[in-house]
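By written order: A, B and C. Residues from 1 in each chain.
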Amino acid sequence: MKFKNVAAAVMLTALSTVPSQVFAGCPTKGVKELTGAGATFPYPLYSKMFSEYDKACGVKVNYQSIGSGGGIRQISEMTVDFGASDGIMDDKQKAAAKGGAILHIPTVSGATAVIFNLPNVQTSQLKITPDILADIYLKKINNWNDKRIAAANAAVKLPDLAIAVVHRSDGSGTTFIFTDYLSKVSSDWKEKVGSSTSVNWPGDVGGKGNEGVANSVKQIPGAIGYVEVAYAKQNKIPWAQLQNKAKKFLDPSLDGAAAAADITNLPDNMEVSITDSSNPNAYPISGFTWILAYENQTDPAKADAVAQLVNWMVTDGQKFAAPLEYAPLKGAAVKKAQALVKKIKSYGALVLK
Amino acid sequence: MTRDSQATVESAAGMLSGVKPLSARQQVINLGDRIFYVITKSFAVLIILLTALLVADLFRGAWESINHFGLTFLVGTTWDPVTREFSTLPTVVGTLVKGFIALLLAVPLSFGSAVFICFYTPRWLRPVISYPIELLAGIPSIIFGMWGLFAMVPVIRVIQIWLKANFGWFFLFNGPAVYGVGVLSGSVILFIMITPIITAISKEILLTVPRAQIEGMLALGSTKWEAIWKVALPYSRIGLFGAVILGLGRAVGETMAVTMVGGNSFDMIHSLFDPVHSMASQIASEFSEATYSLYVSSLIYVGLVLFGITILISLLAQFLIWKISRGKLALLD
Amino acid sequence: MLGCISVSVFFLVAILGYVLVHGASYIDWEFLTATPVPAGETGGGIANALVGSFLVVIVASLLALPIGIGAAIFINEFPSLGFGHTVRFLAEVLTGVPSIVVGLFAYALIVIPSGGFSALSGSVAYAFIMVPIILISAHEALRLVPDSLREASLALGIPKWRTIMGVVLPVSSRALVTGAVLAISRALGEAAPMLFTAFGNSFWNINPTKPVATVPLLIYTYATGPYEDWHQKAWAASFVLLMVVLFTSVLTRAFLRGKSNE
């Protein structure tokens, strides 16, 4: 055992000094296949990343988007090599994980857009403050010509039209981020509804998936909803500008999401919510998405493969993020992510040096 | 019929050999029959076994929730994952209403189509019409869902708005017409989905009505329609019922399509236009993200309730069949 | 009557037309023979999903057809009052189990004990959905075979099992096939059970003990994605799936027509 570790260490050192020919980041112990499951939000990005990884290393990473909860469950049952989630595991879930402690390693962040359907109002023309958003979803504001909305939108003519509130009918990380934000900016929301991947919405229509919400908003006059930015862009649905903590009105954007993640007091374990971020350029409804991997693994080859893969994802793999509308990790976030990957051990020995 | 013939064989055997009639099992006398009997019986037993396993698995998964909520789960109206309060009455109502309306629309249409294929179409033309019907039955639910959301819901929305404008005083039409998604959309998509199944099976059933019976009626001077209505349909009523059961099963268990056009709310419905979950769409929607064990357990409890309701409906169907056949235990007729 | 048929045909045309219009441009040779490409790239195909679906459904049929038809034969040909009644009743109840619950059951039954996802567990899930449909339609089919045929065969001294295999089954074959085709097409189109069993795979795989891609799951993933490109692929894949269903139906009937002519 000890000899093997020394040999591995020697090999790794030797390999790390070999320039260009060897792609830094490929598994070194012969693993050719990995299985991962979880969040749907990063699926397009991961599919691109893993395709490139296959080209570079000949390793097939099979990732299926069965939802964050599914990812948490499968990694707990150890039927997959790594999980992925838009939400942080709570203490009960962590206790239920069969393989011990789980690391939350962030890969990218993303923004959630608030979309609407109003005649003659274009994208970015509608401005919404946090309290208005919360009260609309609490069904306290029911019509678009309400005084409070008008006060924030002097330049726009708002019609006498009932507001149709659209939310997700299925549990999702997007809902988690959205309700987390509402809980932070409205004590009323926090008390009456709370935050989770699925909540007891005060009203109205539930759409299945981002696609369902986008379509419902598109079809119902007077509707308002929340979707990942990519869906709003691809479906060409107008979105509103939201007011952040620094009182600036911002469009949902990659820069806004990256800024939300770029704050000074990130915890080492990176299990943090970045909604209502203090960064003055932050878009208020943003969130990380994490890879879930066991800290103490028992299969050295698999542990090496997982560590190499995730390390690659948070470094070289980041270049695929922006073209696909995901905000790459910046500055302190990358360093903390890499530090987390380095914590992966197999039989007590660190995998990545 | 089979029992009567068994009785014939039994009594014949009895008369011939002076021994009392044999039971079914005892009639299986030669080796080939014996082996066949054992094989087919084990398949039947396997089904019972698997069902028992399924129910056991459901109970095991739902246990935490059953312990926690007991039977209040069935009558409460709150579903709140944050306060951890779960109950399922609105979704039960949603499932039953959507399924019932779908059946109401589907059964006449399916029977009518089946009659048309069997009695009003020349033999060579039958496959040409039957294949498309079977094709419709094979369309995946996700396609129905997508088509429903993009193509059907806008049409339903227009209909709903018209209904509300003209008949809004009627409680069924006094709801949020502009949503488009809701009970009506859910019912209509289910109706479109179960019609081909009921049609396909009914067609097969009707095709086996002996020509002699129909021709007898015609010879007595009835019209074609009378012959169908008074002879063909009653003759095959039990099989037709079986077809309807298959359709009902699909309607109650259908997940994907209903989730996309049903509106998916947990509130009790008051009109045809209100959005509401069905039990299947609720389980499918929430399961992947259910983050704590009581949540998962409650969803499985919903599955158990659905199972229970399906049993009740099937029992009701049995009772109706029994009544229709005037007391004979119709299944093994 | 004509009105009834017209309505069904109308919906079929509406749906098929919609699918075709939205996806036809995407169907080409590459689509049918290549594996999926990642997000942001055009091209690629659904070949691995087509093969995967075939694999899973064929194995499922091999499981479900004998069980469903065998049990139906038992209920109808060996009457045993309570028992047969119960089995038929249970089959009717089972048709109402949502596909996601079936998937979870297969997950608990096979995936957890075996430690991983596999095409085999997917086949078990599909078989569970197919058996009730096959059983009920087969039972109805067998029930309609006139007893005179059975009695004639028995009177000739032919043992019961040969009567069933040689007389009853061929006579009811067309209805049996209808039931089988309905069940197979149902299985070909179900995505939910695959989520926790066959799991899905972005790469080629024909090993039944490993995860495998299936067409309905792929359609679901593409349909719920944000890219218009993906939606088109979903529609195109749907059209391909429908053609497969039609083809299966035509093929099975032609095969059986040949057999029953013997």
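As a convention for this text, contacts are C-beta pairs under 8 Å (C-beta built on N, C-alpha and C of every residue); 3 or more make two chains touch, one makes a residue touch a chain.
Since the structure is predicted, the reported quantities are computational estimates derived from the model, not experimental observations.
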{"item": "Minimum number of chain-to-chain touching steps separating chain B from chain C", "value": "1"}
{"item": "Chain pair showing more contacts of the two, A-B and A-C", "value": "A-B"}
{"item": "Taking each chain's C-alpha mean as its centre, the one farthest from chain B", "value": "A"}
{"item": "Separation of mean Cα positions, chain C and chain B [Å, integer]", "value": "17"}
{"item": "Between chain A and chain B, centroid-to-centroid distance (C-alpha), Å", "value": "41"}
{"item": "Geometric centre distance via CA averages, chain C-chain A, whole Å", "value": "37"}
{"item": "Set of chain A residues in contact with two or more other chains", "value": "66, 70, 208"}
{"item": "Touching two or more other chains - residues of chain B", "value": "150, 284, 287-288"}
{"item": "Residues of chain C engaged with two or more neighbouring chains", "value": "195, 223"}
{"item": "Touching residues (chain side chain C, partner chain B) in the complex", "value": "1-5, 7-9, 11-12, 14-16, 18-19, 66-68, 70-71, 73-81, 83-101, 104-105, 108-109, 128, 131-133, 135-137, 139-141, 143-144, 146-147, 150-151, 154, 159-162, 164, 174-175, 178-179, 181-182, 185-186, 188-192, 195, 216, 219-220, 223, 234-235, 238, 241-242, 245-246, 249-250, 253"}
{"item": "Touch list for chain C against partner chain A, complex", "value": "36-41, 111-112, 115-117, 195-196, 199-203, 211, 221, 223-228"}
{"item": "Chain B - residues contacting chain A, complex", "value": "78-83, 145, 149-150, 153-154, 157, 176, 178-181, 259-260, 263-266, 275, 277, 281, 284-293"}
{"item": "Chain A - residues contacting chain C, complex", "value": "35, 37, 40, 43-45, 47-52, 54, 60, 62-66, 70, 77-79, 208-211, 228, 230-231, 233-235, 323-324"}
{"item": "Residue ranges of chain A touching chain B (in the complex, touch as defined)", "value": "66-70, 72, 87, 90, 92-93, 96, 164, 169-173, 193-201, 203-208, 212, 215-216, 219-222"}
